[in-house]
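Below are the structure tokens for one structure; questions will follow.
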């Protein structure tokens, strides 16, 4: 039994006006184990805190109950007070007699009676409290960024800037991501490459940044501060250290019929390729699916022309193990596949394109050299119809329920650019709503309408039918209340965006949670938007939700700030109120493991002494206190009661129940 | 010998219960019988015996011992024994009646268990002779005559009459207060003859317990058979709780926050925490626990009680054990091994 | 069937596949079989029995048996196979040490339905020839079938290394009919019903100890440190609490094997509580059968964001 | 005892630390009244509520038990309340199946901003329990106060 001291606070008149504080102290003094009970005007004041500290010494208190305001207000204050007096801070319990008593009751007798009961519950609990010590775990001062798009690059640059090593793992042969494929950026219309490529070069040249291109994360073990990651470096059949990026091989390769993924298949490339001129690293990669040498052993042209001797047909996937203190997920997005949207004739006519394909068609480095030409006949289009929300804001299973957020703005950009470069084109935009909530966004959209004469039509396109080289567009104009029939030369579909397919298996490895759309869940939707609930995992860019470039960069820097904050620490102080299994009672059934949102529970086979000098091998749960956040989900999932939560143990909560109901 | 017509049974019960609480074995609505306080509308079961034995009325599963009131450092002791009320239990079978002798040896020898003693003093036992035993009955092995049970009063029933014979002062006193007709023994003797014919045919009659009487305790104790016999034991308490002679209990406290209520409740030597002490348990596996139960009934108890076994052959454990392990199988296996 | 099992058992021992056989051993009467471990051909010849009273679910024994040295073969009936797989799923049985011989089952009988004084029973086709102290009689096997088998949920043996008899399928059954009948009662009637049933409980723990889902190293009710230990129901509350907590702890894990009700010495229909939970799970969270496979997440360690609110209990009334 | 005249129900409210306990604090800050017989127990998350605690409360004399947690989707620990929701649904259903009045148990999601909802919920729950009368079906006679 503890030696308990009870301190009843008046909180000026906040408590004392409604609760007879003297009586509360007097009644609680009779509770078992209470050796000292008093009341004071302001317990949280300097004088009040000193009174508590003196009483701890004088009465040799082993537990302290403070009847005051909400623990959310001053629990920490009083814990520190007691700690200074040599009492373990977790031997303090607060009875909330202000917010949950004096402020909600008017009758003094009622409020006093309730305050006594609340105090009694706190006393009952403190008797079962145990001193808790926060554990610490060391922090590996290196960060991993998964995904080398603008989000990953920005995060890596910021982390490196703070002086920490950071690795970027990018599954493509070059970093840069989706932004490399974009022509101009809204709302300023500056060229994407002009602002992105310097950052790519910065990343490549930064001593603190190591780029693993054409690589994937293959396993993640460990926990915050101590992740152990295996990175699979896929064989590119070119020695990165030797390749100078001269590009001769990519010109000489005889296999010319490889759809160029960088241009979304709008043109072809060779089997050995560098995705684009400013690729980082600027190293060639052999596409094993198309290389004749790798497939049949006959060819070897690239090897012959390479003066650096960088070609290596025998290269194998390499696995690299590395330790990290923090991991940033920046896996980005992709436009959805439009196979299910046959009404827009996407698969029937090459002149029906997605917005990203349209970017390539407008891009000076694209398949048409920046001249807008119809993919079907290379002719200049005169009427272009843009269709918004293709697959976004859908309530059927074909599309996505959410708004893809970026489409309104890039469509305005596309429409505007068309009208600017080719004033003879008629441009129609069909929309459900135009959403432009960003700095200078609405102004941008209005310019498209007002200055550039883009025809914005509220309504949906019902059908696109290719006919005689034209695209017959049937649409409804909801404001004009009429059906429209437009003979278009091109139709551009603003396809919804979705998280990259690599995100789901990655989330499983990281034990990071995802929402039903496979976007990573943030630790708190408002207050912790760049952290995953899994400690040490941070979120950057569109993997967390649709975002435009400015937002992505902002989030990327925010995630970097969080990582820097973490890596700056030598040790992490763990929350001591964590789950703890009683190994002797653990069944090894894994129920707890299944409900842990943090992956804090693992199982080990362990030897135990059995009856009659036997040895038993049993599977038992282990909780990693550095990862456990103390929610208690496991304690209820455990049928044998082997799992308990420190600070909120079964017995403590039941003691409170008993005290309240008695 | 006295008698009363079966058609008058209700009147008889009514007359007894007007003086004292009366328990009779009645159907429990779930296919079994139990000792039930008689009231108008409650009638005698036609089941051979109750699932819970008549022991319950003298040694209930849960019984208040005493209350403590704690205030500050002061402890008040408050008596809270159940009020002792005179009662009559009708329809006790010969086996259960014999179990009282065994319980008496435990509870009434020094130090006397006053809770049990009070109930024994307050209780009048009316036995009912068996005429339709079950295949699991083996009371005969223990010298019990199911056709002529003991008790304060012994009864026999045939199709027409209930025959009544007072055996003790308590029985006499009760008899006098009732309106029964005198009769001769002829009907009872006839019924006993019939019953004994059936009793003689019981399949377990031949159970030979001689191995345990003069056997060296340690030999039985160390028999390798225990491991095999106990292998499938679930460690539940069914056998002990339906047993009329099991008498182990645990003392526990219940703290409702205002007072501590001390009570006792049945315990089972089959349970893993039976006789748990500060050093741990002294019977670490089910083998030891299982062995304890049968050693107690077949060896320790007779060794301390002039050779009287701690079993009355009621057959309840044979019927109720979830895995059909029981004292008969144990006795046979140990004997077989000895042979 | 018994002979095929005996042959198989002997064969598995003799060809060295296993070291021990888990089966059923003959008793004093035809109906009182005891689960037992056999290690020699002689033991099997003498004592191994399989008949309509081999109701005991052997899967729970495999928790301990699979941890002993060597390998054990176990005869597993369809409903036992669900328990076995559920225990595997919970990492309770060491699979490598068990050789599962699936045995098809036509339903087990309840000895209590044979009447008084049974001396011996002979199976003859659809009949049981029962010799009693009071004469011989013929009982239709169907009339003596155990209640749980009368509403058999599946004849499928969901996991096995070898099969004796035909593989079966899930069966049409009305096992939720009894639940629906109780749900249709008023709360007062239900309360009276359950009070009547649970007040007979003697807390012998047979239901718990036989239950394959109740395989805790130490039950909370036996654990002096759990704060809820109790040995006997000292109040009607404790009668309720034991069964509520037990039913809750096996929710989503109970395969509905019916052992709890089979072993209850007081004939309390305990399976109804578990079955109610199964019915609720099926209705609220989609069909789920514990032990049917190794992968499906148990309903209580799973969720969907669109799950119903607890207020559904109010909204739908007794159902 | 005259029906309900003297009856002051005991109500135990388990509140998660992050949303509902803060919501209860807010209703205090805003001086929104609810009956004094509602007593709050702070737990880290609604998923910490063991069905055993609910039964314990009824045993010890509670007439109603309510669990408050973050709204689904807003759990501080991301998924805790989803588990709590299933557990409580099944527990309540089982209690109902045993004939325990289903009105005695409730789950309500209360965010840290919903001080008013907290007070309103407690007022409503308290009134419901008051109408229902004392818990007799799931009480332990040894804990009765009279």
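Here the chain labels run A, B, C and D in written order, and each chain numbers its own residues starting at 1.
Keep this in mind: a residue touches a chain if its C-beta (ideal position, glycine included) is under 8 Å from a C-beta of that chain, and two chains touch if they have at least 3 such contacts.
Owing to the predicted nature of the structure, the values given are computational and were not obtained by experimental measurement.
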| item | value |
| --- | --- |
| Chain pair with the higher count of C-beta pairs in contact (A-C, A-B) | A-C |
| Whole-Å gap between the CA centroids of chain A and chain B | 69 |
| Approximate Å spacing (C-alpha centroids) for the pair chain A, chain C | 46 |
| Whole-Å gap separating chain A and chain D, where each centre is the average of the chain's CA atoms | 34 |
| Residues within chain B bordering two or more other chains | 254, 256-258 |
| Touching two or more other chains - residues of chain C | 218, 220, 228, 234, 300-302, 305 |
| Where chain D touches two or more other chains at once, by residue number | 51-52, 56, 60, 79, 83, 87, 140, 142-143 |
| Chain contact graph, described as a line, ring, star, complete graph or other shape | complete |
| Partner chain A, residues of chain C touching it in the complex | 67, 90-92, 215-220, 223, 225-228, 249-250, 297-298, 300-302, 305 |
| Chain A - residues contacting chain D, complex | 70-72, 96, 98-101, 103-107, 110-111, 113-114, 117-118, 121, 513, 521, 523-525, 533, 577, 595, 597, 629-633, 635-637, 645, 648, 650, 653-654, 656-658, 660-662 |
| Complex contact set, residues of chain D against chain B | 60, 140, 142-143, 145 |
| List of chain A residues in touch with chain C within their complex | 516, 584-591, 594-595, 603, 616-619, 637, 639-642, 650-651, 654 |
| Chain D contact footprint on chain B (complex, rising order) | 254, 256-258, 261 |
